[in-house]
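The same chain A turns up in both complexes below, where it pairs with chain B and then with chain C.
Let's turn to the complex of A and B:
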């Protein structure tokens, strides 16, 4: 059971119909063995572009976010139900994970190209792809004096 | 005898042990001995011959073997070694603006994503202009794609509400020059 967030846009309808549409989706989540933990409404907003879905052109929509806990196998089923709904469009499920902050590597990327780690990696990869007769032979064995005199 | 040269040596040690009923053989307080060592070096070489505890002439005599003296010297020199610490003259590492302030990119935060989008073409600026590190730029691309797919952000233009937002970088002053 993992924490997911379902973001949907519901058609611009009278309040009662929008409520029933959202309820139907929540029911589908419960049917698949999940628990709804949070409903969040981002309000009625003008869409960034015109959407023509199910034979109708929409310019406004109600944005909703539904947080739920469900087994991973249920996610595709929930999305399928959303797609069959006429009043709901652009369903998307994202897994809620804690954000991991790693070290910024900008100081490495700013360097002169021959010092950048990604460029050095590329050079090594190119060397490994060279044909055998062009590849440099392995390092000569270490001698007692510490270097090869020839 | 070497008594004359040793008087100063033992004298200082005696001062340290004044008031203490200590008859020393090979048992030493390193700190006390270190003080004495500073003043002379000849004393050390001559200690082999000097009598040990219980001498009636000088009850506070300090005696030791030369190996012990060496040990003390080595310890002292080790204490003088440079301390391990981070380079105090190290320059501050250059950091991209999102990493510096620990900002999380989210597909719902359309305003933040739009700050990296051109108001002329509606397209995302490249890494040479936004000055973000590789990881953050990739994350930004992903989140913009997500938000367009979810119907939060426009694909071909920057929202008019966001045109007056503060500029995070100067598009006409890129790191690598562009033709525009």
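Let's turn to the complex of A and C:
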């Protein structure tokens, strides 16, 4: 069993029929052996483009999110029932993974490459891996005056 | 052309048997025969030569001298070797000087053996100490790893418990079939809007259609981590 999020757009309808359409979807989830944990409405919105589905043209839709838990094998079945539903379109299921909290390292990443600790480390490693005869070539001997003028 | 198996002796011309061999291969294609003038092995010494003693050929003087010299050298060397071996045998025998020396050697050998055993004891003590140390190190390592394993197991158990608790909490949020309508209606009544915008000052404006002038200055939400530029 894994946690999923089902995103659907319900046809612009009176409230009662909207509720019954969403309820049908939720019932199908239960029938497939899943559990619904949350309903969320994102409100009635203008669709970004005209959609002609099931022989109808839609310009407005009621966006819904349904969080549910179901065995992975049942997800395709649930999606299938959603696709058969006339009042619902554009169903999509995404798996909800536990959030990974990581340290923000943007201030390091936007530095020049030669200042980034990561790159510096790589340069050092490349130097250490050079063969012996190449390693010594770059070095200039120090003279009495403290530096090499050539 | 076929002369037969026993055709070493071949009748020639008038039919007289000759002793000299005429070999098959010697018969050339032209019909003429060649004859090897050598006696076969079974032919005895000629009667006239039966009691003849061949004269001994005189050696050249230089060769004679050389040969004598070689002989002399050889026998001299052999005599010396024989004498040496005899003397050696006398020397090595039980009653010789060498046998008397052997006692001293035995004593030295005993002394050396004693030294060897002492050395062995010393090294054994060192080894014992080393092995003991290694054993203790092993024990320490094992206990440390045991502790670590126990700690890991405890951590894993805690993690498992945490997951179980979280899941139990989560299961409580499951909506029953009867409550679906109510839940959907509440969701419809409270639509959520996840859209937001950020301006250059790091202010967050929640909502899809919120305008910056709609939000009061003191209500403005700030980014938690603003990038230092």
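Here are a few things to note about the model shown:
Just so we're on the same page, the second predicted complex is superposed on the first by the 98 of 150 C-alpha atoms of A that agree within 3 Å, B and C clash if a C-alpha of one lies under 4 Å from a C-alpha of the other, contacts with A are read in each partner's own complex, and residues count from 1 in each chain.
In the analysis below, contacts are C-beta pairs under 8 Å (C-beta built on N, C-alpha and C of every residue); 3 or more make two chains touch, one makes a residue touch a chain.
Values in this document were obtained by computation on a predicted structure and should not be read as measured data.
When both complexes are overlaid on chain A, the residue A:9 reaches chain B alone and has no touch with chain C. In the superposed pair of complexes, A:106 makes contact with chain B and with chain C alike. In the superposed model, A:115 lies in contact with neither chain B nor chain C.
Within the superposed three-chain model, A:51 lies in touch with chain B and out of touch with chain C [touch as defined at top].
In the superposed pair of complexes, A:40 makes contact with chain C only, with no contact to chain B.
By the touch criterion defined above, A:27 reaches chain C but does not reach chain B. Contacts of chain A with chain B, set against its contacts with chain C after fitting on chain A, overlap at residues 65, 104, 106-107, 110. Listing the residues of chain C that touch chain A in their complex gives 170-171, 173-175, 177, 180-181, 183-188, 190-194, 225, 227-228. Listing the residues of chain A that touch chain B in their complex gives 7, 9, 47-49, 51, 61, 63, 65, 89-90, 92, 94, 99, 101-107, 109-110, 118. On the chain B side of its complex with chain A, the touching residues are 93-96, 99-100, 102, 104, 107-108, 131-136, 146, 149-156, 159, 175.
Across the complex, chain A meets chain C through its residues 15, 18-19, 22-23, 26-27, 30, 35-43, 62, 64-65, 69, 104, 106-107, 110.
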